[in-house]
Every structure is written in C-alpha cells, then in structure tokens.
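Both complexes below contain chain A, partnered by chain B and then by chain C.
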Partner chain A sequence: MIMALKDYVVRRTFIALPTLFAISVIVFTIIHAAPGDPFQFFLGFNPRVSMETIEFLREKYHLNDPIWVQYISWLKMLLSGNMGYSFITHRAVSDAIMIRVPNTVKLVLTAELIAILLAIPLGTISAVKEGGIVDNISRVISLLGVSMPSFWLGILLILLFAVRLNLLPTCGSHTTGMVYSSTWESIKDQIYHLILPAMTLGYLRTAYLTRLLRSSLLDVLSKDYIMTARMKGLKERVVIYKHALRNALLPFVTAIGLAFGFLLSGAVLIETVFAWPGMGRLIVDATFTRDYPVIMGTTMMTAVMVVLANLITDIVYAFLDPRITYD
Partner chain B sequence: MEEDMEKKIIKGRSYLRRFLRRFRRNYLGIFGAIIVFSLIFMAVSASTLFPYPKPRLEMRYTPPFKDWSVPLGTDNLGRDMLALIFYGARTSLKVGLGSIVLLFLFGVLIGSLAGYFGKWVDEILMRFTDIMLTIPTLFLIIVFLSMFEVRGTNVIIFAIGVTGWPGLARITRSQFLSLKKTPYVEAVQVMGGSSLRIMFRHILPNALPPIIVVLTFQMAGAILTEAGLSFLGLGDPTLISWGKIITQGRVSVATAWWESTFPGIAILFAVLGFNLLGDAIRDSFEVEKVG
Partner chain C sequence: MDEEEKEVLFDIRNLKVYYYTLDGVVKAVDDVSLKIYKGETLSLVGESGCGKSTLSLSLCRLVQRPGKIVGGEILYKGSEDILKYDEKQIQQFRGSKVAIVFQDPTSSLNPVFRIGDQIVEAITIHQALKGKEAWKKSYEALSLVKIPSPEDMAHSYPHQYSAGMRQRAMIALALSCNPDLVIADEPTSNLDVTIQAQILLLLKELKEKLGTSILLVTHDLGVTAQLADRVAVMYAGKIVEIGPVEDFYKKPLHPYSKALLGAIPPPHKDVDMLQEIKGEVSSLVNPPEGCRFHPRCEHAMDICTKKDPELIDVGNGRKVACFLYKEGVMK
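== the complex of A and B ==
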C-alpha cells in the first residue's frame, strides 16, 4: 500500500510537470507579448530620463532579445533554483514569494477549516430535515454568500468588529513594531489578526460547501442501500452517519481540493481588504509596475500550489474510497 | 400517478410553453427576473433620470435619507449616490453581457470541436482546458490585464472572456458527446450533412439549455469579477463602477458608512438576481445539475 502510494505520487508529479511547463510558456508569452515594457512605462514620461538610459536598461534586462531567447534564459535560471530579480525592488523573486506564501496558506487553510466545520453540520441537517428551519436558514446564508462581493463583506466586518466594537485589528498579519514577551504572545497577536480575514473568506466557502454537501447527501439518501439499512431496522443515526454521510463526503472532498485555485483567487481580494501580506497583494502590486519576473514567479507558484492540492485530493480520495486503486 | 397526469397534460405543448409554465411557479426565479429587469431599467434610464453625477464639493458626505434631492446621500466628492448606483448598473451589465458573449464564443467553439470530433482534437483541447483551470482565474485575469497600459472596459471584458471559458467548454463537450450518438444526428450524417452544419444547425440548438444555464451563472460571476477588479484598482478608470465606489468609500467607512455600503448592496442584488434566475432556468429546463 505504502509503496503503491509512493509510486503513485511520483508518477503524478511527472504528469504534472508538462502542465506546469505549458503554463509557464503561456503566461510568459502573454506577459512579454504586451507592447512596451516596464521601463518605457515607468520612465518614458520622465523628461530627465533619456532614451539612451531606457535603451541601456532594456539591454541590461535582455528585453530586446527575441521572446523565446528570453524564455529559455528564464527557464534555465528557474531550473537552477533562481526565479530572477524584481525590476523594481531588485530583490530575488523567490525571497519575496517565500515570505508571502506562508501568509496566504495560513489564511486559505484557516478559512477552509472554518468552512468545513460549519458546512458539515449545516449541510447534514439541511439534507436530513429537508425544508426545515435549518434548511431554510442555510439556504439564505448560501444564497447571500455566493452573491456577495467578498471584499465588501470584509469592509463591513472591519466596520463592525474593528471600528465600532474595537475588538479586532483592522489590517495586517501582526502588530508592527511590537516586541513580544513570549512566543505565546506573538501567536496570540497573529491569531487576532487572522480572525477577520479568515472569517470573511470562510463564510464564502461555507455558502458553497453547505449546498454541495446538502445536495450530495440528498442524492445518497435516495439510494437503495439506505432503504435497505433502514429496513434492517438500524437506528436513523447510524443510517445517516455511517451509511449516508460517509458516501456523501466523497464529492465534498473533491470539491475542497479542486477549489483550491478558487480559494487563492478569493484570497487576492481578501488580502487587499485586510492588507494581508500574501501572494495576492504581491501580484496585484507587480501588475501596476509591470514587474515581469514577479508576475511570472507568483503565477507559477500559484499553479504549483493548485497542482499540489489536486494531488493531495486524489490521495485522500483513494483513502476514502477503497474502490479506487493507485494503478 | 400525479406525475403521469402532469406528463399527459404537458404533452403536446411546445418546449417553450412547458418551460414558461414551470418557470411561473418558481417564485425565487420570478424574484430573480424582477431584479434583472430592474437592473436593465437602471442601466437604460440612468442618463435620462439623472444628469451625469458631477462633483459638488459643498454637498460632500451628505448622509442618506436627510436631503431628499439626494436620497441615498453623497460620496466624498458630493456626487449623488443614487445616480452613481444607476450608472454603475450600466457598467456592470455592459461588462457582464460582453463577457458572456465572449465566453459563449470561446466555450462553445472549443467544447463543440472537442466533443464532436473526439480523438486527438478532443485530447489537445481538453488538455489545454485543464491547463487553463490550473491557474487560479483571478491570477490569470490579472496576468492578462498586465498586458495593457490603459485598461478600458473592452480590455476587462476580453480578460474575463478569454479566461473564463473552460467550465462552459466542458459542459458543451459533454452535451456534444452524448448528442452526436443520437439517431437524428446519425440520420443527418447519413444524408451527407457537413460537419459544420451538423454541429451548429442540429446539435447546438439541442445543447443550448445547459449552456444558457451556465451563461446565466457566468453573468453573475462576471459582475462579481468586474467589481473585484475595480476594487483592486484594475478597472476602467473612466467609468462609474460599483466596485470602484466601494474602494473609494473604504477610507471613510468609519464616518460615511453609506458610501461603500450601498454599492455593495447593489452588487449583492445584481449577482443574486442572476443566480436565482439561473437556478430557476435550470429547474424549468429540466436540465441535470450543471454549474
């Protein structure tokens, strides 16, 4: 079993490589196909900057080379573990990303955890007592959740919890310039900062996951083997938790894993509202300055994260469903 | 028993009438349709009902429900919030409609080619679709937007359209896969109909119901995306957009809550309207779960 799993992971990783390669080609082409370049864009209007200077910078960053030459040198650099340097800050792109990734992951995973913890009971009760009070309330929660702009919800929550009630901080991932007396203090401070953004993102996911679990559980409850279980005289609790819920969780798990990209998209907006120093902020800022290496690096990193999430989903899925083998 | 009766009654009526009959009974769907019609009304009548909202600094930050010449108050420049909301509807609908036209073109073209021709065409196109799905959509849109120095509405429509089609392509493909094996399609094939004719004259009309459902949801999605992009500062700088007003009102949210609250409610209703409409259309078409 363990060996099969290891083989499977290795094989899947190799399958993912061409995908990542194709993504890098597509994104690289899009970015570099744009007319103009960061230097023209940034310095072109400045009368003190001569055309020669811009030309010198273009030459220095190889922006005059044909696009495929630029791509190959970028790929070579990447394979040697270097993602290039930001045009604006001159810092290594990999450094900038590595600082941001943990923040985004922390936000996204907390949000997903909140969503799962809320969606499982809400979805189960909604399906079991179809048309009941809980079902109707969760329907309203879901409809609002899928229709609401996340950033707007974030602003409202800031207004309520941070401005009016003064309970939680408005932005950032920790208190700047604070000297902590202990590690525990530091963790506590970070948790305080995490609550609002994670709640905002988590609510949107709850809306989606609750509906999903409800419909998949309703589907399972209409199956023949549920009727068999009931006819055997099993307690309703056992029928629901052991027979129905377990089977209904399969599509739920898939949805959690496959929607990882969706979560990352959502995080871009949430990070902006709460000034959360994550990947989303990084790419938005890089877009304004046309910082090619940063845009490239961030996009590739998100693609890698999505591929990883899909891989983990497949493995979890195989654990949950004994019919699936790793072959 | 009742089911049979119903079938008998409905039998013999046209597809459209059956659809309308089912739709009429769906109250949430009617609510959605009312919202959508109000949006269209707001977008069309904006310039007739309100002069273009000009800054009037002496009126800035008028709270709502105080001065009835500006019922929803004014923003930080003294512009009438109600007028801004009406003009914002115009932007949202424009971006939404433009995006779903593009989504339809890309999604249906790619999905139908893959589903109809199968084999290597399917293999290549679906591989490409999977690749597009691996990059989170908003990141892909941002990458597209970074191409342009001036991000007008058309650029935003293009970015949403060119990145959002994979879902639609998959559904179109599965429709084509199942429909191409039906006797009527085989009959046209035997009669020597060209592939193009079969695809777009015979299969596509029958594949439309789930496509329309997906497009309605995509309309909701496009409105949300436009709002999000405007919020990030990547929207069209020359147009009034709900997302942009929210960003602008964000700095003064503690003192002038209405400035970012009302546009948010507008977005919420617009998106809700299309979502409810999509649900109702799906149920009335008797389409299997999509979207």
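== the complex of A and C ==
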C-alpha cells in the first residue's frame, strides 16, 4: 500500500508537469495579449516622461522581444529557481509570494474548517430528518449563503461586529505597530483579525457543503445496503454514522479538494474587503499594474497549490473508497 | 402433513400497511392474514406493486416512510406481537430471528466495508462473540454458502466479488446469526440464468441442512415451482389464494392464479401468442369495489362487484378468496 502510494504520487507529479507547463503558456500569452504594459501604466500618463524613456525601458526589460523569446527567458529563469523581480517594487517575486501565501492558506483553511465542522452535522440532520425544522432552517441559511455576494456579506459583518459592536477589528491580519508582550498575545491578536474574514468565507462554504452532503446522504439512505444494515439489527445511529455517512462523504471530500482552487480565487474578494495581506490581493494588484513577473509567479503558485490539493484529494479518496486503487 | 401439527413461526393477522403519498393512501397490504410454518418455504407471488415486498418487509418492521403499518398483528412463535416491540427489542429481533436477502446483490452490500466486516458486525451484536471468534464464525458462514477460500475472501470488498458470489455472501450474512426465517426478496432476478440456478440450488440445500424457513418473494413462477412448499398469491394488496405448491400448479383455483399460470409458455410446444391478463393492475389508491380482480375476471358475477371475498378453506390446506367457490359455482 505504502509503496503503491509512493509510486502513485511520483506518477501523478509527472503527469502534473505538462499541466503546469500548459497553464504557464496560456497565462503568459493572455497577459501579454492584454492591452498596455507596466511602463505605459506608470509613466504613460506623465507628460514629463518622454516616449523615448518609455521605449528605452521597454527595450531594457526585453518587452519588445517576440513573445516566445520572452517566454523562454522567463521559463529558463524559473527552471534555475528564480521567479524574477517585480517591475514595480523590484523585490523578488518569490519573497512577495512567500510572505503572502501563509496568510491566504491560514484564511482559506480556517474558513474550510469552519465549513466542514458545520456542514457535517447540519447536512446529516437535514437528510435524516428531511423536512424537519433543522432541514428547513438550514435550507434558508444555505440559500442565503449561496446567493449572497461574498464582499457584501463581508461589509455587513464589518458594520455589525467591528463598527457597531466594536468587538472585532475591521481589517488586516494583525494590529499594525503593536508590540506584543508575549507570543500568546500575538496569536490572540491574529485570531481576532482572522475571525471576520474566515467567518465570511466559511459561511459561503458551509452553505454549499451542507446542501451537498444533504443530497448525497439522501441518495445513500435510499440504497439497499442501508436496508441491509437495518435488517442486521444495527442501531439507527450506527446505520447513519457508520454505513451511510461513510459513503455520503465521498462526494463531499471531492468537493472540498476541488474547491481549493475556487477558494484561492474566491478569497480575492474577501481579502480585498478585509484588507487581508494574502495572495489574492497580490494577484489583483499585479494584474492592474501589468506586473508580468508577479502575475506569472502568483498564477503558477496557485496552479501548483490546486494540483497539490487535487493530488491530496485523490489520495484521501482512495483511502475512503476501496473501489479506487492507485493503479 | 396436517396443518395443525406444524409449528407456526409467524402468524400474521389482519395486517394493514399503507403508504401515505401525495396521490392518496396506497393500501399496499390490506387486511392480510397468513401463517408461516417452521421449516417451510413459502413463496409469495404476484405482479410488481402488488404489495408482496411490503408484506415481507413488515416482518422485520422495515417498511420505510411514507409507509406505515397501520393495523393488525404479527405474532412470532404464537405469543409475542412484534408490532408491539420497542425500538431496542425490534433491533434485537432483526437479523437474529428474521433476515432478508435483497434482490440486487450489487447494491445490498456496503461498498466501503469488507465482506467479513459486514458479517462480523451482525455476529457481534447478536451473539456473544468478539474479535477472532466472530471472524471465525464469518468464515464458517462464507464456507457454508460455498465461497472458495473464505479466510481470504472475507477480507475482500464487495466489488472484488462477482454478482453470484455477492449474492452468496449476502445469504451468508443473512444466515450468520441463525435466523428462524430468511426472506428472499427476488433473490435471483438480477442474476444470469446459470447463476440463478446455482443460487436456487444453494437455498434449497441450506434450507434442508439448517431447517430455516424461507419466505420467497418473487414474480417468477418457475423459481416458485423449484423451491416452494406452499404458494401464496397476492393481488392488489390482498392474498387471493394459498396452498401447497403441487396442487397450485396442477389446479390453480383463483381466476387470477389461472391467468398467471396461463401466461407461462408451455415447454415443448410452439405457441404463437401468450395468454395475457386483460386490463390493468387495479389501483392501490382507489381499489375497485368488491373483489379487486373483478374488472379483469372472466367469471365475474354480480356479487363480485359489491362484496370483498374472504379467504375460504376449500380443504387440503388450500384457501381461496373467490365467490365462485363460496357460491359453489366452482370446486
């Protein structure tokens, strides 16, 4: 099993390489096809900067080369372990990403954890007591969750909890300029900042996952093997939590894994509303300024994380479902 | 054998099972009385939707919503009414006294647990066995149904079994706690013909070996002929005829039974057209007044449209619910 697993991971990694290559080609082409370049954006509107200066800069940064030449030089650089430097800040792209990634991962994982912890009991009770009070309440909550724009909910929560009640901070990942007396103080401050954005994102995910688990559990509960389990004389609790839930969780796990990509992009809006210093905002800012190296770096990083999430999903799935093998 | 001498295992009295649907109340089992004897194979035959599966599920109280057992008694071994059992009692009863083999072996076993786990689970709740002992018992159950090398196969998952083997494993699961009655609900309908024959043979052998009663729920009169000691014919929620299997095939009594047997092509003869039963199966929501079969019956009389016929004893352990026999038109 362990050997098969190792082989499988290696094989999947090799399969992922062409995918990542294709993504890089597509993204590179698209961002270069978009009108404007970094220097036009920053300097083009300034009458004191002459066209010659801009042209000089474009030449210096090889922006006048054919696109495939630019791509190959970017790829060469990447393969040598260098993601390049931002046109705007001149800082290494890898540094910027390494600072931002942990923040996004922290936000996304907390949100997903909240969602999973709420969706499993809510979805289960909704399915088992179909049409009951919990089912109806969770239906309303879920429908609100999937139809509400995330940034709007975020703003409402800020208004209520931060502005009106003054319980939680409005934005950021920690209090700026604060000197902490202990590590605990620092952690506490970060948790305070995390609550609102994680709740916003987590609520939307709860809405979706609850509905998903409910429908998948309803489907499983109508299966013959549930009747078999009851026929054996098992307690209803065992029938539901052992025989039914184990099967109903299969599509649930897939949804969690596949949603990772969605979450990274969905976090963009949340990160903007809460001024959360994550990857999402880095991507947005870089796109507005046509900061090619940063766009490429963040996109590739997201792609790698999505591929990784899918790989982990497949491995977990194979553990849960004996019908799936690593072959 | 004289009926009085046989031990009654289940005595179903005036059982009513209704489904409360948006279209109305479906009377799937309507005032059915039936005895199941120890060691016999009783075949419950009828068309799809006549209530035979519902009747069999009632014996484990496994009728699912929107269905409900609304009346009657099911006496187990002549004394206890299982409809009066509380939740705990019925759970203890299920599996240890009555077990069911379902129609589709591909979906009746849980795909995420090993076959052995699923059998051991039943053994540990009903018998004072744990761990290795329980597993040993599960190997025995699997070898009883002729699964090759049960020690290995118990550790396999259902998808690693063929359809025929899965049905054997399901039978092993059903028999693992030595129930008095095994309900086989269309146990061979989803299997290839050759596998069907093997499973039927297996059921026959096991019944002789273990003395377990079998309630065979089927629409297949061929399967019934091979396996059953007695036949009960169900039509639109009611039992219309019951009696020993030889008599039934030699001389069916109820017009519906006659029509059913008439719809089987005779072997060794070329038949251009099979005999069909005219009309449609009567609705279970608004069953026709009087005898439910009368709109399709060739012999329908005036009284059949007004009164519901009761099962009457016509001797030799045979009973039929038809006015033709009560009025003496037929014998």
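Convention: the second predicted complex is superposed on the first by the 325 of 327 C-alpha atoms of A that agree within 3 Å, B and C clash if a C-alpha of one lies under 4 Å from a C-alpha of the other, contacts with A are read in each partner's own complex, and residues count from 1 in each chain.
The definition used in the following text is that a residue touches a chain if its C-beta (ideal position, glycine included) is under 8 Å from a C-beta of that chain, and two chains touch if they have at least 3 such contacts.
These numbers were taken from a predicted model, which means no experiment stands behind them.
When both complexes are superposed on chain A, chain B and chain C end up sitting side by side without clashing.
Which of chain B and chain C touches more residues of chain A is settled by the count: it is B.
In the superposed model, A:Gly233 makes contact with chain C only, not with chain B.
By the touch criterion defined above, A:Tyr225 reaches chain C but does not reach chain B. Legend: residue contacts after superposition of the two complexes on their common chain; A:Cys171 is shown touching neither chain B nor chain C.
Taking Cα centres throughout, chain A sits at the apex of an angle toward chain B and chain C that amounts to 70 degrees, reported as a multiple of 10. Legend: residue contacts after superposition of the two complexes on their common chain; A:Arg246 is shown touching chain C, with no touch to chain B.
In the superposition on chain A, A:Ile31 contacts chain B only, with no contact to chain C.
Contacts of A:Ala92 after superposition on the shared chain: neither chain B nor chain C is touched.
The least CA distance from chain B to chain C in the superposed model is 5 Å.
On the chain A side of its complex with chain C, the touching residues are 223-225, 227-236, 243, 246-247, 320-323. Of all the residues in chain C, the ones that touch chain A in their complex are 60, 62, 87, 91-96, 99-100, 102-104, 107-114, 118, 121-122, 125-126, 157, 159, 170, 173. Contacts from chain A toward chain B in the complex involve residues 19-20, 22-23, 26-27, 30-31, 33-34, 36, 41, 143-144, 146-152, 155-156, 158-159, 163, 215, 261-262, 264-266, 268-269, 272-273, 283-284, 286-288, 290, 295, 298-299, 302-303, 306-307. Residues 130-131, 133-140, 142-149, 220, 224, 227-228, 231-234, 243, 246, 250, 253-254, 257, 260-261, 263-264, 267-269, 271-272, 275-276, 289 of chain B are the ones that touch chain A when the two sit in their complex.
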